[in-house]
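A, B, C and D are the chain letters, set down in written order, and residue numbers restart from 1 in every chain.
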Amino acid sequence: MEKTSRLLYLQHQFEALKSNKLFEIFVITVIVISALLIGAKTYNLPQSVYDATVFLDYFITIFFTIEITIRFIADTNKKRFFHSFWNVFDTLIVFVSLVPVDNSEMAVVGRLIRVFRVLRMVSIIPELRILLTSLVKSLPQLGYVMLLMFIIFYIYAAIGSTLFHQINPTLWGDITISLLTLFRVMTFEDWTDVMYETMEVYSLSWIYYLTFIFLSAFAFLNMVIGIVVSVMEQEHTKARDEKLREQGLVEPSLHDLQLQIAELKSLLVDKKS
Amino acid sequence: MEKTSRLLYLQHQFEALKSNKLFEIFVITVIVISALLIGAKTYNLPQSVYDATVFLDYFITIFFTIEITIRFIADTNKKRFFHSFWNVFDTLIVFVSLVPVDNSEMAVVGRLIRVFRVLRMVSIIPELRILLTSLVKSLPQLGYVMLLMFIIFYIYAAIGSTLFHQINPTLWGDITISLLTLFRVMTFEDWTDVMYETMEVYSLSWIYYLTFIFLSAFAFLNMVIGIVVSVMEQEHTKARDEKLREQGLVEPSLHDLQLQIAELKSLLVDKKS
Amino acid sequence: MEKTSRLLYLQHQFEALKSNKLFEIFVITVIVISALLIGAKTYNLPQSVYDATVFLDYFITIFFTIEITIRFIADTNKKRFFHSFWNVFDTLIVFVSLVPVDNSEMAVVGRLIRVFRVLRMVSIIPELRILLTSLVKSLPQLGYVMLLMFIIFYIYAAIGSTLFHQINPTLWGDITISLLTLFRVMTFEDWTDVMYETMEVYSLSWIYYLTFIFLSAFAFLNMVIGIVVSVMEQEHTKARDEKLREQGLVEPSLHDLQLQIAELKSLLVDKKS
Amino acid sequence: MEKTSRLLYLQHQFEALKSNKLFEIFVITVIVISALLIGAKTYNLPQSVYDATVFLDYFITIFFTIEITIRFIADTNKKRFFHSFWNVFDTLIVFVSLVPVDNSEMAVVGRLIRVFRVLRMVSIIPELRILLTSLVKSLPQLGYVMLLMFIIFYIYAAIGSTLFHQINPTLWGDITISLLTLFRVMTFEDWTDVMYETMEVYSLSWIYYLTFIFLSAFAFLNMVIGIVVSVMEQEHTKARDEKLREQGLVEPSLHDLQLQIAELKSLLVDKKS
């Protein structure tokens, strides 16, 4: 019994701490420092500074472990804690960076994992979290245009690696390489070099490149326009809904008004006779 | 008589098969496999795997022939079957890949034709079909801007091949090559190399390139804006029409309401006197 | 007297001819042929074909002269004829190509002038004429953004030619060359080559390039958005005006209706007492 | 007493001068000349012309000093004068260019400072001032997308400099250089050269580049769409507000009308009983 009450007390204390503005600023500061640390390590540092970074690294790892523990204990519903994507995300980043990395081979992997700590910036700032969520949410509606685009890429890559395989295997060796080459053509990166090379053998191969550029640009344009239109519609719906919520009722349609006026008229005509 | 009834029975069976969800998934699977097969063939495969692909190729060809036959028999109206663009499209792809390709020269052509089987992905997924149809439908409204753009390109290509013909025949040799060079300039692909070369002879030729870039960019921008505006208008009209259909009647205009209120007033005034 | 009536008769005849659908198609055909001829001349033609093009050239020149004369005579108001931009434009192109070009030096100029005959395509097709007019009309509203952009370019070009003059005179020699180099940087064409060169002397010069790219991209983006917004507003106004014209009257505002209902109420209350 | 009245008289005189159209045109002319002078100095000028520019430079410096003094004296509220950003801006530019620059080292700095005189063009033309103010105002709303984009850049730069440090130190040496390289990749400037180099060691490093391009392009697209939507909303609100101001009252909602009609009805029903 005493144990539970002590735990409850701890929970309350931790909840207060978690909601504390100063604590929040301190957490953000540590995240920013950990981000700067990652950047600093890419420079050639003198030994003394390097030792300091190692120490700071330990401190950040421990601090993040404590912070996530506090947040877990502070949560009244332990199950729900892991239902939140951001909690799982934070926990994963913290736990993975706890794994001891010894031999030099894995040291690079360890450093890479620490890089993802920067992403905690996203999880701690609510505005960024909302932004990212809305970005991810706008992805599915692009689904079919993306599929269509992939089909266009795939067909052209198949044709490309069939026809141009002999001309330049580093660009058209197999379908994966061809897909990469086509992406390069789509970004207009030295695409004429690729074209002039194949035009020496197949002088009409410019048709291949021009149709590809037109098709992919056209599909891409439609994708962009699709997003613009859907975003605007969402904004419009949101604005209208907000207006209705403000008024606390549903705006009648012009037709509703027409019906009401007709009713008035019938009342008047009724009375007259 | 018996023959007809047997045919009718077959038709019903096939129609049931065609509408079967499992059969549909199976067809999509075969199309995806045929697409992967085309990709796989661009790699250097060991003989045993290559033999398997040849076998799989035969299987897919036969399967597609059977599938199109089933769809044809299942259709109650044989004439209408070929009125659908996608049916004609599927039949064409299937029949062309039935043509036996023997000598090595034509083997490449045969493989290219098989590539277009990937397009059956578009014909089998309704969403992609709708998307492609709407893309194609948005093309005609671009007609005149495209024509204007072509005129701009043609005039600049004529000027380019007249003035710069001597400087670099590979870029400005005749009007076709000049058009290709101008397209390259429009995509900003090493356009300064092209310009610096001609500037050595005609030091003012930067005017030629800059006016061309401005004109084509401006026409292109107008094209894009034109599409955006027309797509939005369509969406708007669609949204309004849907709203009306929901209400099952035509929304009255504010003017209609005004007329009705005026009528009410005349009734009231009438009664008063 | 007889002369005037004969002229009037001629005018009527020519007006009929000008409005004739077949004649119009014939004119367009000749324009297209003249465009193709210009293209054909950029190829190395055999002597016989070349002679034919020279003959065709004479024919087109004469035909255009006759056509513009017919249009001039057919016009009832001679003064107004030259008030139309497109008439002046056509007359100019025709007259300039009448100037005999003899020596080889001027032959290039003569050929270039003939290129502008392709622009007659724009003047003969009404849709293209409307399109071009609307394009030209949308230019002035870009005025101030263009000026702002030019100021940005000018300041950066002045800084560039002051600082980098010694490093690479071909790119930063004077302010005109610097403006061209900055336009190149703006199109992202090998801009890193330009940057890496100056970074060897001024290691912080990446600030110069990055701020320039951000500023010009930002100004450009605002220009595009400005056009989109103004085009949409125009479309919106046009749509509303058309709706009003259809109804033959001005749509009342909700406030007008409110006033009318208030009037009704006063009538009712009035009667009651 | 006399002194104050003389000052007041001067103030009135100067205010009249400042508002004078001719004076304004003269100021713009001097600014344009100072801009041209800056451009002219980047050319190799003969000694006589150079001497003239030095003289002109003195004249412009003195003229600007007098002009700002006139504007300061003309202002009735001296304190408010420095509350305007543009007044502070003009004063700063004028005062800085008054600092005598002697030794050759600083001569470049002196010339650079004079370049910013061109910016006075912005401060003198009201339309440009409004444009720039609205550009600057639209920046904060981009804040969070910019932060998100920087986080993406930072993470990729950290990964890049960790993994590719050994392959090419000039491109991936430390995190600052990596950020620059990534910006280059984002502008598609020879990005495949960067990629092919690292692919020789890490053959899967194309994933790094492709995900980066997709993420940054996607974030950038969202930024652009965000601006478009917010600009349109502003325009819409502005248009509605203007309409309301014209009418001098608030447009009633459809619900207001409904309430009024209901009131009418109750009046009618009331009377009936």
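Quick note on the criterion: a contact is a pair of C-beta atoms (placed from the backbone, for glycine too) under 8 Å apart; a residue touches a chain by one contact, two chains touch by 3 or more.
Quick caveat, the model's predicted, so the values are computed rather than measured.
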Distance in touch steps, counted as few as possible, from chain A out to chain D: 1
Centroid-based (C-alpha) most distant chain relative to chain C: A
Approximate Å spacing (C-alpha centroids) for the pair chain B, chain C: 30
For chain B paired with chain D, centre-to-centre distance based on mean C-alpha positions, whole Å: 42
Whole-Å gap between the CA centroids of chain A and chain C: 42
Where chain A touches two or more other chains, by residue: 188, 190, 228, 232, 253-254, 257, 261, 264, 268, 271
Pairs of chains found to touch, sorted by chain label: A-B, A-D, B-C, C-D
In the complex, chain A residues that touch chain D: 35, 38-39, 42-43, 108, 111-112, 115-116, 118-119, 121-122, 125, 127-128, 131-132, 135, 138, 180, 183-184, 187-190, 224, 227-228, 231-232, 235, 239, 247, 249, 251-254, 256-257, 260-261, 263-264, 267-268, 271
Residues of chain C touching chain D in the complex: 144-145, 147-148, 151, 154-155, 157-159, 161-163, 165, 173-175, 178, 188-192, 206, 210, 213, 218-219, 221-222, 225, 228-229, 232-233, 253-255, 257-258, 261-262, 264-265, 268-269, 271-272
